[in-house]
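Please read through the structure below; I'll follow up with questions.
Chain nomenclature is as follows: A, B and C, assigned in order of appearance, with residue numbering initiated at 1 for each chain independently.
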Amino acid sequence: MSAADSLDSFMQQRPFFLAFLLPAMFAAGLFLTALAFVLQYSLHAFIPGSLEVGGFTLDNFARVWRPIYLWVLLDTLTISLVTALATLVLSYPVAYALVRTRRNSVRTLLVVLAITPLFTGEIVRTYAWILMLGSDGFLNSVLEGLGLISTPIALLYTRLGVTVALVQFSMPVMIILLATAIAHVDADCERAAANLGARPTTVFWRVTLPLTMPGIVSGTVVIFAWTMSAFSTPQLIGGGKVLMISNLVYLQGLSSFNFPFAAVLSLVALVLALGALALIRPATRRLEAEVAPA
Amino acid sequence: MSPALAAKLRAGLFWGAVAALLVYMTIPALVVLMTSFSPSELLEFPPSGLSLRWYARALTYPDFRDAFANGLIVTGFASGVALAVGAAFAYLVDRYSFAGRGVLEAILSSPLIVPHFTTGFGFLLLGARLGLSRSYGIVIAAHVVLVLPFVVRSVYVSLRNIDPRLERAAANLGASPARVLARVTLPLLLPGMAGGWLVAAVLSLTEFTASLYVTAERTQTLPVAMYGYIREYSDPTIAAISALLIIATTLLMFAANQYLGLGRVLSIDGH
Amino acid sequence: MATEHQARGANAVELVRVSKSFGPVLAVHELELAIRRGEVLTLLGPSGCGKTTVLNMIAGFETPSSGEIRIDGKPVTAVPPHLRDTGMVFQSYALFPHMNVFENVAFGLQMRRLAKGEIAAEVGRALEMVKLAGLEGRRVRQLSGGQQQRVALARAIVIRPKVLLLDEPLSALDKNLRAEMQIELKELHGKTGLTTVFVKHDQGEALSLSDRIVVMDRGQIQQVSAPIELYRHPANSFVASFIGEINRLPPARCVLEGSSARFELGPSLKLEMHKARGLAAYHGRMVNLFVRP
């Protein structure tokens, strides 16, 4: 048998298998252990003034049902939903331009502008919005300078301000996801529609948009789940007045040192994020099958 | 209205909207840049002059310098470990099938979905139990887990694009599997590994939420130190640091696009 | 007035000194072509000759760099594709994957705002013509290649376009299916009478299907004739070698003697042609010789 065959059969004995597997398993184990600790703490009683925890209890989970905490949950869901939808609407034109422009320079510019913010980090980006939204911030200064307002508008510490910042945060990811979907639309289908008499707007609504539906759905859900985990934006721009789950976890965990309750909230956030993604999978799969090229 | 005129109007509206959206996306960064040069402590638009005082302060502020050093240590180790573990795992996924592979894949990619504060909190608790509370070790461990999915994905894509005949040819010429790996596979994977490592490093350097939970004052990374500063002071020192980070990242992206072709990597360079 | 009316009636499409360049590349060069109403015309040539560009310009997907295009006598150069009333069948069929067969074929009629009942009737008729009656509810990916092509055809003909444009319609089919489809296309033309323009690079099918063939090379028309004319009387070497089987001989000197012509290929190799006609201009000159097997 040739050396190539012997390589293949040796490969069946799987060289490096253990060497490559064990580190990965270790990393996975570490992560699961961390999450397991969160679960463990959530099931034990909080001892005020101490980092130690008491005996087994379900009280922490019961506590979540208190109205103030449910409102925070609801707020989180609402802000995440509004953010996801607004991001979708605003990102689509940019993604479309990025894919369909004939000039490479324009595409490069759009790609860099879209992707760079992802790598500057959330603190930098959140701080930028503090500068934008404050009462002596950029927006207010411009509006006052143009004579459109006489007193500053309160944008900081409001839901609107937080949402506006969150949308701008999420656009790069949505643009990438949508651009991939749009790039896979057969341009001939659009030409065929035009040839058959469809105006450009009609081509968009009847052909392009439906064919990008899987990308739209999965992109919106990804942003929804992502936004639910947002922390620095509501923390710094919400300033304690706009609370999302993440801020609550921080307050309970690192301010009140109520680790058990913080743990419960962390788990709730996790379940919601996983749940949203899991729910959407069958729908996305069905959509993808429908628009798959013949 | 003639169709040609309607077409021009439509194109104008479309590109106008896109331009406005791009303004929305980039204005915050520009405002940061503007503010970083402001001579005054208070926010004013437009700035009354040009000054580098905040840059001087940012670069000499001890908390920031220590935090940056911490960041380099953490990111250096985390990205290196993630590269090794992630590349190895990608190799496994590409070449071998085994029981539990899907589960392992799911677990290792779940940090993408699990909120960073959940992961951070979990590692905080883990660190406390192991007595490694807020040491470099636990921070590095958390970072490894957080950036691993990016490395795995990047290397996996690269692996899929390797021509298997090259490795067979090497074997045919007498190379042992270890030799094949070292002399053929790894060199071919270099771009994918480099890209994955780069993403991991940048994400680790700028990671905030999980780091907030797992770091102590001694080990805090730059984003955490910046957060502390923002809560206490309102002068534009942070603007200066942010401006440096923004410029550095932008240059990095242009370079990456030049050498790695971002559009192709994300499969969005269509028609 | 009478000649103007006649002109509008006779020609479905006219290209008047049409050129198209893509940056520095000149794809089509000062093309002049009149496509007669109801005929089957094929644009034939090697890849890169510009035939697909011409098709796209008629459909409106490309704008000529200079020159004018007229459909039914009216200039359409500035008219966008959705207002040109042409029907195009793409090489990849470009069927809408998110619609079923009925919705695909009905699309053009919906754009023209026909009533629902009319649309249903027309779609039914079109599907019958392409022998796909009863498959209205099928989704596109459930169809075979041949069936998809028929749907694409039905979708284009149901709108009764001023000109039907087909871009290499048979290239994706296997050999047997191609032969079958060729016959069906001919029958279809017989039934619909639509002005039809094909783009092909394979001359075999072009010769059997077309009323006239436009042989193109490097952006220019080499010859426009009926197939048999192209075969018997090619206008130049390119057309001669492109159409049909042919042998090309080395250049020879042509000497006329009375009604015969003698071609001297070499010192001891001569060809004699009795009953030589129309060769007066070539006496004493070097000529290229082609011989059909």
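One rule holds for everything that comes next: a residue touches a chain if its C-beta (ideal position, glycine included) is under 8 Å from a C-beta of that chain, and two chains touch if they have at least 3 such contacts.
Keep in mind that this is a model prediction, so the values were computed, not measured.
Taking the CA centroid of chain A as reference, the farthest chain centroid is that of C. When every pair of chains is scored by its C-beta contact pairs, the maximum goes to A-B. A separation of 52 Å divides the Cα centre of chain A from that of chain C. Between chain A and chain B the centroid-to-centroid distance comes to 15 Å (mean Cα coordinates, whole Å). Inter-chain spacing, taken between the CA centroids of chain B and chain C, is 55 Å. Of all residues in chain C, those that touch two or more other chains are 80, 83.
For chain B, residues touching at least two other chains, in rising order: 7. Residues of chain A in contact with at least two other chains: 200. Interface residues of chain C facing chain A in the complex, by the touch rule stated above, are 59-61, 80-88, 90, 92-98, 107-108, 111-112, 140-141, 143, 148, 155-156, 159. Listing the residues of chain A that touch chain B in their complex gives 2-4, 6-8, 10-11, 14-17, 19-21, 23-25, 27-28, 30-35, 37-38, 41, 51, 90, 93-94, 97-100, 107-108, 110-117, 119-125, 127-132, 134, 136-138, 141-142, 145, 168, 171-172, 176, 179-180, 182-184, 187, 200-201, 225, 228-229, 231-232, 236, 245-246, 249-250, 253-254, 259, 262-263, 266-267, 269-270, 273-274, 277. Of all the residues in chain A, the ones that touch chain C in their complex are 186, 188-189, 191-200, 202-203, 206-207, 210-211, 290-294.
Partner chain A is touched in their complex by these residues of chain B: 7, 10, 14-15, 17-18, 21-22, 24-29, 31-32, 35, 42-46, 84-85, 88-89, 91-92, 95-96, 98, 104, 107-108, 110-111, 113-119, 121-126, 128-129, 141-142, 144-145, 148, 167-169, 171-174, 177-178, 180-181, 199, 202-203, 205-209, 212-213, 223, 226-227, 230, 238-239, 242, 245-246, 249-250, 252-254, 257, 262-263, 266-271. Residue ranges of chain C in contact with chain B, taken from their complex: 78-80, 83.
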